[in-house]
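There's a structure below that I have some questions on.
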């Protein structure tokens, strides 16, 4: 294990909306859509576009739980 | 839509480890395991146990992306 | 208790400023103004407008403390 | 304004529970109880104890909203 | 110690990009550039401009680690 | 650029304190000490120990600013 971030969800970029500072990237995963807000600078440096395979990284301390059903 | 948190991943509680203040809850989702760190007080008030169906809630500003492959 | 987020502060929407990706919603609570930054998509889906009663949700791990006085 | 954190809620320390690494501090505010999770090292350095007046600091990007009622 | 936020990195403002809601402030520190996203309202209230000395404040629960080399 | 997290501060592990769920890792950087709270599971999987070179990863939306001096 190379880094401490516990959650890595594989998906494919489905849509991108950008302002100057931040961009919303929606990815399609097998657990449904996941929205990520990253800096537009990161988006450009990564060269992300629709269809690219990515991992959504989420630190465990940022996950909350709700009862289902 | 009742609340602003964009990401809700359905899963089932698979394991729980607790200290006095915080607990780690691992849930099994269709996109793989997701680890959540919540207060032990919340865990007890929710009465969560292995096998319970839950949603993992993640604010979009807490999701990062990495290129895959 | 249905979800693990410990802090829920009741208030009323007092002002909204939006970019394409993110919006700032200021709510009036009995402890003073609270500013929330949520995605504009969530704002639209919730149909939030000035005067609406809401709860500000804050995970305990995101709260810091400073000595007062 | 000396720092960028938008939300500062005044309150009084009501209870403290500590593990070695992290502590939960519950404060009483005029909007109800607010729970903060801080490092036990910070707790000790600040010398916090029940009855102390504090401000709960919350970055606006960490606040979500839910419809009330 | 007056507040619980563990990490305070001294630096100088090097660049600012603003949308209506959020602004990116890049600061130069002795450990390299650090990017902060704060509300444009906070930026304006603080009157931040290029060249100003600032501290980057980061709660320990928001820091992840990766192996180097 | 392979991932969206903007801030990567190089350092060396200086101290570790662990509970069952979470661990505090203090690293020495050229900008001073940085404390990270990660899951003890991640610490063990990474096999981190004092003296190891690491990068502290911090999402830009989790950085606040304070005026210095």
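In order of appearance the chains are A, B, C, D, E and F, and numbering begins at 1 in each one.
As a convention for this text, contacts are C-beta pairs under 8 Å (C-beta built on N, C-alpha and C of every residue); 3 or more make two chains touch, one makes a residue touch a chain.
What you are looking at is a predicted structure, and each value in this text was computed from that prediction instead of being measured.
A.B. asks: According to the touch definition, list the chains common to the neighbour sets of chain C and chain F.
C.D. replies: In this structure, the chains that contact chain F and also chain C are A, B, D, E.
A.B. asks: More than half overlap in residue numbers between the two sides of the chain C-chain E interface, or less? Answer same or different.
C.D. replies: different
A.B. asks: Suppose chain centres are the mean of their C-alpha atoms. Which chain sits farthest from chain A?
C.D. replies: Result for max centroid distance from chain A is chain D.
A.B. asks: On a C-alpha centroid basis, what's the spacing between chain D and chain F, in Å?
C.D. replies: Distance between chain centres, rounded to whole Å: 22 Å.
A.B. asks: Counting only Cα atoms for the centres, state how far chain A is from chain F in Å.
C.D. replies: Their C-alpha centroids are separated by 21 Å.
A.B. asks: Distance between chain A and chain D based on Cα centroids, please, to the nearest Å.
C.D. replies: The answer is 29 Å.
A.B. asks: By residue number and range, which residues of chain D touch two or more other chains?
C.D. replies: 2-6, 19, 22, 24, 35-39, 41-42, 46, 57, 59-62, 64-67 - these are the residues of chain D that touch more than one other chain.
A.B. asks: Run through the chains and report each pair that touches.
C.D. replies: Going through each pair of chains, those in contact are A-B, A-C, A-E, A-F, B-C, B-D, B-F, C-D, C-E, D-E, D-F, E-F.
A.B. asks: Going by the contact rule set out above, which residues of chain E touch chain D in the complex?
C.D. replies: Those in contact with chain D are residues 1-6, 36-39, 41-43, 45-46, 57, 60-61.
A.B. asks: Considering only the defined contacts, which chain C positions touch chain E in the complex?
C.D. replies: Going by the criterion above, the answer is residues 17-19, 22-24, 35, 37, 61-62, 64-67.
A.B. asks: Where on chain E is chain F touching in the complex?
C.D. replies: Interface residues on chain E, with respect to chain F: 5-11, 24-25, 27, 29-38, 42, 46, 48, 52-69.
A.B. asks: Write out the stretch or stretches of chain B touching chain D in their complex.
C.D. replies: 2-5, 19-22, 39, 41, 59, 61
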